[in-house]
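What follows is a short report on a single structure.
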Amino acid sequence: MSSDEVLLSASGVSKRFNVGSRGLLGGRLQLSAVDNVSLEIKKGETLGLVGESGCGKSSLARCLTRLYDVDEGTITFDGRDITNLGRRQMQPLRSEMQMIFQDPYGSLNPRRRVGSIIGDALAIHGNRGKGTRRQQVQELMEIVGLNPEHYNRYPADFSGGQRQRIGIARALALKPKLIVCDEPVSALDVSIQAQVINLLQDLQREFDLTYLFISHDLSVVQHISDRIAVMYLGRIVESGPVEEVFTASSHPYTRALLSAKPIADPRAAEQRDRIVLAGDLPSPISPPSGCRFHPRCPKAEQDCVTVVPTLEILRGAGPDAQRVECLHPLEADQDLSSFTPSIADTIIGADAAATGSREVAS
Amino acid sequence: MIRFIFVRLITGLLVVFLVSVATFLMFFAAPNDVARTMAGKAATPETIALINHRLGLDQPLWHQYGHFIWRALHGDLGYDYYHQRSVVSIIKGAAPVSLSIAFGAAILWMILGVGSGIISAVRPRSFMDRALNVLALIFYSMPTFVLGSMLLFFLYFKLTSAGHAWFPAAGYVPWFGKPDPSNPQHGFWPWMHHLILPWVTLALVTAAAYTRFTRGSMLEVLSEDYIRTARAKGISERRVVFRHALRSALTPVVTQFGIDLAILAGGTVVTEQLFGMHGLGWNSLTAITNQDLPVIVGILLVVSVFVVVANFLVDLIYAVLDPRVRLY
Amino acid sequence: MVLLHVTDLNVSFDTDDGVVKAVRGISFDVDRGKTLGIVGESGSGKSVSTQTLAGLTRGARVSGSAQFDGLDLIKASPSQRRSVLGRKIGMIFQDPLTSLHPAYRVGAQIVETIRAHDRSISKRAARLRAIELLGMVGIPFPSERVDEFPHQFSGGMRQRVMIAMAMALDPTLLIADEPTTALDVTVQAQVLELMRKVQAEFGTAIILITHDLGVIADVADDVAVMYAGTIVERAPRDEIFYQPHHPYTEGLLDSMPGRVERGQPLRPVKGSPPSLIDLPPGCPFAPRCPYRFDRCDQEVPVLQTVFGDEQHQSACFLPTEIEERKALREQLVEKGGIR
Amino acid sequence: MSATPATAPPTAPKTTIVARGPWALAWRRFRKDKVALIAAAVMAVIILVAIFAPLINSALGQDPNYQDQVNGLDVNGLPLGPSGAHWLGTDALGRDVFARLVYGARISIGIGILSTGIAVAVGVVLGLLAGYFRGIVDVIIARLLDVVLALPVVLAAVALVAVFGQSPLVTVLVLAFFSWATMARIVRGQVISLREREFIEAARSLGASSTRIMFVELLPNLVMPIIIYFSLLVPVNIVTNAVLAFLGLGIPVPTADWGGMISDAEAGGLYQQAWWLVFFPGGVLVLTTLAFNLLGDGIRDALDPRIERLLRK
C-alpha cells in the first residue's frame, strides 16, 4: 500500500490555451484549462481525479506528465524538478511515467500490429534485440490476460476490453513508476469494465505501481482510489482520502456531484436527497469571477462573487489532509438542498424567476 | 460573419498576388527567344538586343515585375508583341465567349450532376442508380475532346450530310452588341444555338463527376443522426430528402464546385478549340504559339483572379449553407 | 393499460460476413403513463428494436408485430407510420448534437414537427408553441434562443431541445434511446428530472433505453434486460434489482463498483458477448455463465414465469423457486465461482 | 419491411471478425468485386502491351513511324480503312494505326503513372509536414496550394509546355505540378484529424520523436488514401496529357501518342472522311481511363468501404 513518500507533486500549475481571437482585431481568447492547481501523489497510491467533461482533468494529467508545457507552477517527479525539461531531457523520464487512454479504438494505431504497438516503448527506449523484444512483449500480453499468440494481429481483431488490455500492456512495458489512467474504463460495457478494473488493481499490487486515475464515474473512482481530488472548471475544489470526501464532503459542488451519481439500487436512490444543479459548466474562456462555482451554487453568498477561495486544509495534515476550496464549506450534517442562494445572479435564481444572467453555452 | 468575410478576402488578395508573381516568373524568368522569333532568321545580335530593349526584356526581373504589376493595378496589362493591341482589349473581346461557354456548361452540369446524384442516392442499388452510375463513369472517363469530336461527327457532320442541319458547325455568335461584319448573326437564339454542342460537351464530362460526388455525399448525409430524427418526426420522405439531407449534402458539392472552377477555365480551352470559338482559351493558345508573353500572362492572371473571386463567392454560399462555419 | 404490445420481434441485417441477427424474437408491453427501461450492453439489440418500431432501421429484415393505438407498426405503410411518428410517438436519441440538424434554427425544427402533422396551425402559432415548449423544458430566454442554431447550445440544453421537439404534439409514448449517455452526471440528473416532470405532467409512457443500471434504478417502473438480441429477463424494477433470476442480470449487478467493499476485487462477468452472426446453439449467455450445465449448451431457454410472480419472467433453466435459486447463488459465492 | 433500403442500421451490430488484418479484409472485398477484377484484367493487358510494344509490332511486321506513301494511302492520297493488312487502317501519312496505338500506350500510360507518382510523393510529403507541424509551415504550404489550385490547369499547362519546350520530361513535370496539390490537401486533412487521435498522444507519451510519429504512426494510416488517390489520378493525368497533345503541345512528333493521333485526325476535318482515325485512339483512351477509374473505384470500395457500409446491402 501507499507510503508517505511523494512520487509526484505539483504546485500552482496553470495551463492556458489560445482559442482564436475575438472580433476583427480583438485580443486573443484564452481558455484557462488548469488554474493554479497543487497536488501530491504518494508512492504506491491511487489518486482519483474526478470532474465533469471540460473541467480540465485531462489537461492537468498531460501537464503533470509534461506532454503539455505548463504556463505557471512547478512539477516535481521523484524528487526532480521536471517543469522546464525539454523533450530530450524528458525522454529518459518517459519510461517512468506512462499513460492509459480512454478510447480503446482511438488509442491504438489501427494500421499496426499489436506486437509492435506493445513493443513500441521497448523500441524507443531499449536497445534490446528483436528476439528478446518479442519475448518480452509476449510476456506482457500474458500478464494482462491476452493470448500471446495474437502477437501479429491488428487492433481491429480485438474487442473493446481486449484493446484496453493492449493499452495497459503498452504502458506496462517499461515498468514505470507512475501510470496516468485517463478514463480507462469509460468506454467499456459494465461487465467488461469490472474485468479491467480488477486487472489494474492486480497489476498495482504486483508491480508496485502508482496511479493517477481520471474518471467522471464516481462509483469507479470510489472503488479504486485511496485519495481523490475533485475538479471544477480548471481548479481542484476538494481533495482528501476517499472515505472522508465521500462521507463528509464539504464543497457544495462535491456534494451535488455525489448526489447526482446514479446508484444501481432503487431504494437507496429514492431515499437520498437529490440536488439537481442548475445550468451547465460555464465556459472556461470567461470563467465566473470569485469562486468559479458561485453561479451554480445554492449556498453562494455575496463574497463568493468577488473573493477567489484557495484550497485550505479542513482536517488532517500532510498529503492525507482533506482540503476544500470554499469560503463557506458545508458541515457534515448540513443538507445542501435546504439552501437557497442569497445572491441574485445565480443560475438557480434565474431558473426560478426566469430572469437573471444568461449562461454561456459551451 | 464579418470576420469570416474579412479573413477570406485577405487570403484571396494574397493568393491573387502570389498568382501574379508565379505567372510572371513562369514566363519572364524562363529562357525565351521572343526577340529571335520576331526578328526572323537573319537577325543580327544587335537587332535582337534592340527588340529586347524595346520590349523591356533586358531590365532586371524585379523591375519588369514591378512595372507590370503597377500597370496591372491601373487596368493596363500591356500590349501584344505583334499587333500592338492592348491585352485588356483582347480579353474584353474574348471573355464573353469563354464566359458564355463556362456559365452555360456550369449551370447544365450542376443540374444534371446534382439531379442524377440525388436520384441515385435516394434509391441506391436500384436499376436507375446502377444505370446512372454506369453512364456517369463512362462520361467521367471520356476526355472532353473525344466527346466533342464524337458529338461533332454524329450530330453535326452525319446529320448535316443526311440533310438535317440541326446544329451549326462552329463559331460563336454574340447575344448582345454589334454584329460582327463577317458574321451578321446575333441575338439570344442564335447565341444559344451555337453554344448547345459546346455546353453539352463540357457539361456531360463534368456532370459525371458531380453525379458520383453528390451520390456519395447524399448517402453519407442520409446516414446522419439528424436524418433519423427527421424521420422520427414523421415528416414526409420528400421533405427528409430535399429539406434535411440535400441542404447538408450540398455543402461539399459547393466546395468541389469552387475547386472545379479552375478546371472549368481550362475546359473551355479544349471546347473553344473544337468548336472554333475565339474565346480566352483560343487567344491564349495563339499567343502561346507566338510566344506572345503579355497576352499569355494577362489572360492567365485574369482567369486566376476570376477563379479566386468565384471561390470567395463559393465560400460565402458555404457559410450560408452551414451556419457553423460562421464561427471562424 | 397496455399502450404498446410487441410480439415476437425479429430484426436482422445482411452483411458481408453473414446475417447479423440483431433482435431475436422479443416481446414486451408498455403501459400507459409508465416507464419501461430496456437495459443491455452494446450490441444487445436494445436500440435496434425500438428504432425498428419507428421504421428507422432501413435495409433490415423485420418480422413480428407491434400493436400501438390500433395500428401494427411493423406492417403499417410508411405513410401510416409517419402519421403516428412525431404525433403519438416522440423520440430522443443519445447524441443531441448530431441528432439536431446543424443548419436549421432550433425553433424551425420544432415548428416543422408541429406543422408536419397539422397544417392548420399557422407558422406564427407554431412558433409561439415552440417558445412555450422551450420554456417548459427549462431553457432560459426561450423567445430569444428559439432562433439560435443547435451548435450555440450546450449538450444538456440540446437534449432539452430534443425533448421539447419530441413532446411538441403531446405524444402518448416517448422513446428515449440512451438520452443521458453523452451527458455529464449533473446534467444527466437534470435531464432525468425533466423526463420525470414531463411524464408526471402529460402522463406520457416512456421507453428508456440505457446501459446504465443507475439510470434504470432512478426512473424505470418495469425493466427488460437484453442480451445478444433477446430479452433474458423482464420484471418490475425492484424485482430486477433485488431478486434477479437470470445469471446475466445478476452478473450485471455484480459488476457494478459499489457492490463490493472497497479493496475487494469486483465481480465481473467473464468473457465477452457472442458474435450475432454465429451464436452458440444453446443459451447465448452459456459461455459466460458461472452456473452453466449441459442443457444450456443444447437448448435455448425461453421466457417463463419465475418466483411465482406473473410479472417476473426469465429465460433461464435455473430453478424458478426463490429459495432454490438463492441457495444456488450462495453455493457459487462460497465456491468462489463468482469472483 | 421498408421499400427503400438506404441507410445503415442505427446501431451497427457488433461482429467479431477473427484475425484478419486491414489488408486481408480489403483483398477479400476486392476479390468479390467482379467489375473491378475485369477492369484490373483490362489494365494488365494494356500495360503488358505498353511494355512489349516493340515485340508486338515486330511480330506483326509493322513500324509505327513508317510512312507508307505507296501502299498506305489510297489513290486520292487518303488514309486506308481497316483491312487485313492494316487492322485499324492507316493515317494521313500512311502509317499503321494499330502499330501507333500500341506504341502510344507506352507514352500515355508511362506519362500518366510517372507524373502521378511524382505528384503523390510531393503531395504526401508536403501534406504530412503541413498537417503535422501546422503553424507557419502549414500557412506557407496552404498558400502554395491555393496558388496552384487557382491556376487554370489546361491553360497553364499548355503555356508551361510552350515555355519549357515539348519533351516527355517536361510533360511529366508539368502534369505533376498541377496534381500534387489535391494529394497534399487530402493528406493534410487526414493528418490533422489523425494527430488528434489518442494513439499519437500515446506515442508521444512513450517519448517517440516527430520523425517516428510521422513515419511509423501516421504514414501507415495514409497508405489507403494515397493508393485511392493514386488510382484515381492516373486516368486524369492520362487524359490531361492527351489534351496537351490534342492542343498541339504533346510529345514531339513523330512519336505516337493517343491524343496526338486524334489531334492529327481533327486537323482539316480529316476524320470526317476517315472515322477510324478518331474512333480507335479515342476508344482506346476511353477504355483505358474507364478501366483505371473502375479499378480505382474498386480499390476505394475495398480499402475504404464507407459508402458500402452506409448501404449495408
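To keep things simple, chains are lettered A, B, C and D as they appear, and every chain counts its residues starting from 1.
We take it that a contact is a pair of C-beta atoms (placed from the backbone, for glycine too) under 8 Å apart; a residue touches a chain by one contact, two chains touch by 3 or more.
These numbers come from a predicted model, not from an experiment.
**Q** Using the touch definition from the top, what's the fewest steps needed to get from chain A to chain D?
**A** 1
**Q** Measuring centre to centre with C-alpha atoms, which chain is farthest from chain A?
**A** B
**Q** Where are there more C-beta contacts: B-C or A-C?
**A** A-C
**Q** Quick check: how many Å separate the C-alpha centres of chain C and chain D?
**A** 50
**Q** Which integer distance in Å separates the CA centroid of chain A from that of chain B?
**A** A distance of 55 Å separates the two centres.
**Q** How many angstrom lie between the CA centroids of chain A and chain C, rounded to a whole number?
**A** The separation of the two C-alpha centroids amounts to 30 Å.
**Q** Of all the residues in chain C, which ones touch at least 2 other chains?
**A** Residues 42, 51, 55-56, 78 of chain C each touch two or more of the other chains.
**Q** By the touch rule stated above, which residues of chain D touch at least two different other chains?
**A** 4-8, 10, 16-17, 311, 313
**Q** Two or more other chains in contact with one residue: find those residues in chain B.
**A** 228 - these are the residues of chain B that touch more than one other chain.
**Q** Would you mind writing out the residues of chain B in touch with chain C in their complex?
**A** Touching chain C from chain B are residues 224-226, 228-237, 239, 243-244, 247-248, 321-324, 327.
**Q** Mind pulling up the chain C residues that touch chain B in the complex?
**A** That would be residues 51, 54-56, 78, 81-87, 89-91, 93, 95, 98-104, 112-113, 116-117, 149, 151, 162, 165 of chain C.
**Q** Which residues of chain D touch chain B in their complex?
**A** Residue positions touching the partner: 4-8, 10, 143, 146-147, 149-160, 162-164, 182, 235, 239, 242-243, 246-249, 259, 262, 266, 271-272, 275, 278, 282, 285-286, 289-290, 292-294, 297, 306-307, 310-311, 313.
**Q** Using the touch definition from the top, list the residues of chain B that touch chain D in their complex.
**A** On the chain B side, the touching residues are 11, 14-15, 18-19, 22-23, 26-27, 30, 32, 122-125, 137-138, 140-146, 149-150, 153, 157, 216, 219-220, 222-223, 227-228, 259, 262-263, 265-267, 269-270, 273-274, 280-281, 284-285, 288-289, 291, 296, 299-300, 303-304, 307-308, 311.
**Q** Going by the contact rule at the top, pick out the chain D residues touching chain A in the complex.
**A** Residues 16-22, 197-199, 201-208, 212, 216-217, 220-221, 223 of chain D touch chain A in their complex.
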